[in-house]
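Both of the next two complexes hold chain A, though its partner changes from chain B to chain C.
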Partner chain A sequence: MTRIVMPVKNLKEITDLLNTVTTEVKLKLTGKGMEVRAVDPAHVAMINIDAPKESFVEYGVDNEEELAVDVERLKNVIKVSRDSDQITITKEKDKLLFEIGTINKKISLLDGNTVSTPKIPQLSSESYVVLSRTDLERGLKAAEDVSDAIRLTLTKESFRARSMSETEESELSLPADLLKEVVCAGTVKSSYPLEYLIRFIKSITTAEEIKMSFKDDYPLIIDFRFGVNRDISGTFLLAPRMEQ
Partner chain B sequence: MDVNRMGVDIGDIVERKSTSLKDHSGSVMALDAYNIIYQFLSSIRQPDGTPLMDNEGNVTSHLSGVFYRTTSMLENGIKPIYVFDGKPSELKNRTIEERRRIKEKSRLELEAAIEEGDTERIRSLSARVNYITPAMVQEVKELLTYMGLPHVQAPSEGEAQASEMSARGLADGVISQDFDCLLFGARKLYRNFAFTGRRKLPGRSIYVNVIPEEIDLEATLARHQLTRDQLIDIGMMVGTDFNGGLKRVGPKSALALIKKYGSLEAVLAAKNVTIDNYELIRDLFRNPPYVEVKDLQFIPPDLDKLMDFLCEKHSFSAQRVQPYADSILKSSKSRTQSSLDSF
Partner chain C sequence: MTWAEKYRATRISELIISPEILKTMVSWMNRWKSGDVAKKGMILYGDPGTGKTTALSVISREVGFQLIEMNSSDRRNAEQMKLVAKMGGLYRDLFSMDDTHGGPDKLILVDEADNIFEGRSTDTGGDTGGIRALAEIVQETHNPIALTMNEYYDFRRKSSAQAIIENCEVLDFRPYTRRRTREYSAYIARVRERINQILETEKVKLSQEAIDLAIERNEPDLRAILNDLESLRHLSDAPEDDMELWDRDSPGSVYDIIDQTFRSRNYGKILQALRNKDFDTDDYIMWIDQNLPDMEVETTKIDRPFALLAYSDWLKNQVFRKQHFAFKNLAEEVSAGVGFAVNRLNEHYFKYQFPQYIRDRARIKGSGMGRRNVSEKVGRMVHLSTRRAGDMLWLMEMMRRHDKKGFTELAEKLYLTPQEISSL
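What follows is the complex of A and B.
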């Protein structure tokens, strides 16, 4: 039997994250924990979550299995909970039973054949910056009404996130002493779609710092840890905007 | 020869799978323009069977189909290149003449049905009496230009040009209903992309659910351990736009014959029959007339001209068209957006 118990806040954060790119996912439960991979239909953004079994209050998974679920239905289940609640999830044939305090809810599992698990591209970049999530969120919010893209520039002295339109401009500029860590030889710069970044950053409320790796006209790789005990690791991949 | 069907009927032996538009984001697709326009003219009809028309009485079903369906492709990140027919091959004359004769017969029957007020028959016959006029072709090209999309004028068969573009890697696949594309070398053939959902079977009051499908040439050849030449031979035995095929030979029996005898020549000798011009037809499938394609540009749409063309000139509802026009502009902007698949 498959039965797991976790802080509802963790499940909420996971569903919010997944919901930034997709509406249907497979939750893969293995002996080590839960893995989730999701990509948006245009293959612009991808989420990769690894929740080790230690991040669960209880983790009862006898056999490895994949649970295909509708993310919106999951969100609806969580709506009735409070942040301090724990949620118990039990697989019952083709349904999932959720127990949150005095409330029980069941949702149907989706046909696993109709939900594909994306292949993670092999990406790497030597240049990266580690910064506060709230600093980046402020910079993205400032850019939100300026343009639909943001240009990131990294040197060993600073990190900048700049957005421009014909009439307006917005820039977040963080010198090295305001960054947790920066590794960069020379200058790297690349542009990314702002909408995806904003949806992503708003969904990871418990992450304190994030590591952003990128290079010229290359996907952005954001590594972060989140969850009540920050013991869930996540990676967000975002394809670049190419200059015309 | 069944001249009403389009192209060779080898659907029973191809390697196919269901797919959807969203699975092909970032793909460049060559569209067999005449094949698609013909589908729109047949399917986009008013309840009484007459095509959509503007205030001047000009048919607009083709414009409606191309505009809305192409926008849907753009929204799914597909880059469509419409490929238009040029001068048909002389080998196709017999088919063209036969189709013309049948259409004329249907037209006369339609006139009689209208006189009798037989609405079901009017609807049925109306879908059969379609003519793609030079004016319609020009209108579609004009529409595509305002949408910021390139098109290609083939020297001869559009599906041949589109298939060759696929074979040369200029397009990821061909959107057409016509299996001939596989004989012409299209690496992937996408059917039911221009028209999905419920579709009425011709001449019957039965509706079927139409799902987009992907047909893979390499996988088809590998499944049956065939060469492309042998697939062409199978096509000719079944019947193509250029020949009538052998009597009582369908795709499965043609496949069995090729597996047994190895080539069309050996099959014809064994059965003591012939197919007119089979060597010329085979050569046409192998080396179709082709125009070099370069400088295909996807540019931002001209929304003012697009709205003027559809709404002022052809009486489309501005309220309905505007959100689609906005969507085309949005898609144009997002074309600078790369996909993770590219890395």
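What follows is the complex of A and C.
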């Protein structure tokens, strides 16, 4: 029987993250923990979450299993809970039973064949920056509604995130001393979809630091750790804007 | 999985489409690859089941594009359009990042583009801004975008559709241009060959007559042909009995039914088509009325079919005037015979026209609204009721004709729209 117990806060964060890109996902439960991957319909944003079994309060998975769920339904379940609660998830045939304190809720599993799991592309970049989530969040919020894209520029001395339209402009500029770590030879710059970045940053509330790796006209790779004990690792990928 | 899905073509060689169409599609995609783009979009229109979507997905894969599909017709409003088609058009594809050349790498497919934007209620995900959003996307995209649709002529009439069409290569997607040509027989032969392959793989035996009938009834809709054959599979032990089961309804478009009315020599078939139509008797009579003059070659004898049509129109009115609803179908049945009264039929291809009468009526109604609006505005200015002000509109008409300057000033003061001015 499959039965896992985890802090509601962790499940909420995972759900919010998935919700930024897709509506249906497969949660893969293995002997090591839970893995989830999802891509948006336009192949522009991708999320990969690895929650090791140590991040769960209880982790009872006998056989490897894939649970296909509707993200919206999952959100509804979480809505009735409080952040301090723990949530117990039990698989019952084609249903998932959620026990949150005094409330029991059941949702139907989706047909696993209709939900596909994307393959994560092999990506790597030598230049990266590590910065605090709150700094980035402020910069992104300032750029909101200015344009659909945000241009990231990284040098050894600074990190800049700039958004421009005909009438407005917004820039976040962080000198090296405000960054946790920078590795970059020369200058790298590339533009990414702002809307996805904003949705992403709004959905991670427990992560403190995020690592952004990118290079010219190459996907942005965001690595971060989150969860109540920051023991869940996540990767968020964004495709670069095509320049004419 | 149905046969139609299971045996969907996966390679270019398996596609049953005309060679010219294939060539145009491949060269359009190759131009995108080589950075020499003439038209950013491509519109494929044609009957359902002719392989528009399949051809796009197969060819795009072989040329080397990832396919981004937008086909969940329930949630395709402007918002959704922006999130998928626009994003897909402007950003690279995460799955083709190992490909180094960095050019266009995905093809965005908007399936059934002719019926996305109808719903006005937000509950059903409808949004009238959808088509404008799509026009913008086609203009801005850095990746190829393809639209499929069944009714191109309806689509063309929608507002903002022109902006899309200007940026698209438009392709009439049909497997052959005319029946009883070499092209047609080649097409039928390929369909037969494919059916036989499928039957062999499925180990199902069907009589040759059944197969021919399935093709005859449904072509060029391959999906329907396969669905029909599949529904007969359990009868494969007694292939002789399978003929009885054939009767599948499919609603015909007004073009098809008008075409049948004029050209079919089988009255029963016309009636059958009429049973599944999705427009009313009035429209039917109007359509025949509009197109009859072009279909009769011997214009001096055109009175005969018109007399019949007039009779059916009279019948139709009698039904309502005398409340004889038992005769409701009679009017339609009489109109269905107009084709037989035609002396010498125009054998050439003719694009049936939308009834002028309906169009005019819509315009008159529009200008009536215009006058009403003007009366209301004038009334508000001079403290009169809309109706009394309406009686004075002749004065404005005179001004417009004789005192251009004064009229322009007045129109500005009243904030009249060009449409309202023209209604005077």
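The rule we apply is simple: the second predicted complex is superposed on the first by the 244 of 244 C-alpha atoms of A that agree within 3 Å, B and C clash if a C-alpha of one lies under 4 Å from a C-alpha of the other, contacts with A are read in each partner's own complex, and residues count from 1 in each chain.
Quick note on the criterion: a contact is a pair of C-beta atoms (placed from the backbone, for glycine too) under 8 Å apart; a residue touches a chain by one contact, two chains touch by 3 or more.
The shown structure was predicted, so the numbers you read here are calculated from the model rather than taken from an experiment.
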Practice item. Label the relationship between chain B and chain C on chain A in the superposed model as either fit or clash. Key: clash
Practice item. Could you look at A:Arg241 and tell me whether it touches chain B, chain C, both or neither (first, second, both, neither)? Key: both
Review point. Counting residues of chain A in contact, which comes out ahead: chain B or chain C?
Key: C
Check your understanding: Which partner does A:Leu123 reach: the first (chain B), the second (chain C), both, or neither?
Key -> both
Practice item. Please indicate which partner A:Asn113 is in contact with in the superposed arrangement: first for chain B, second for chain C, both, or neither. Key: neither
Exercise for review: Could you tell me which of 239-247, 257-265 or 275-283 in chain B overlaps chain C after superposing the two complexes on chain A?
Suggested key: 239-247
Check your understanding: What is the shared patch of chain A, the residues that chain B and chain C both contact?
Key -> 39, 41-46, 121, 123, 148, 193, 218-219, 237, 239-242, 244
Study note, to complete from the structure: Seen from chain A, its contact residues with chain C in the complex are 39-46, 118-119, 121-123, 148-149, 192-193, 195, 217-219, 237-242, 244
Revision key, fill the gap. Touching chain B in the complex, chain A uses residues 39, 41-46, 121, 123, 148, 193, 218-219, 237, 239-244
Point to revise | Touch list for chain C against partner chain A, complex | key: 66, 68-70, 83-88, 90-95, 97-98, 102, 104, 106, 108, 142-143
Point to revise | chain A partner contacts - residues on chain B that touch it in the complex | key: 22, 25-26, 76-77, 333-334, 336-343
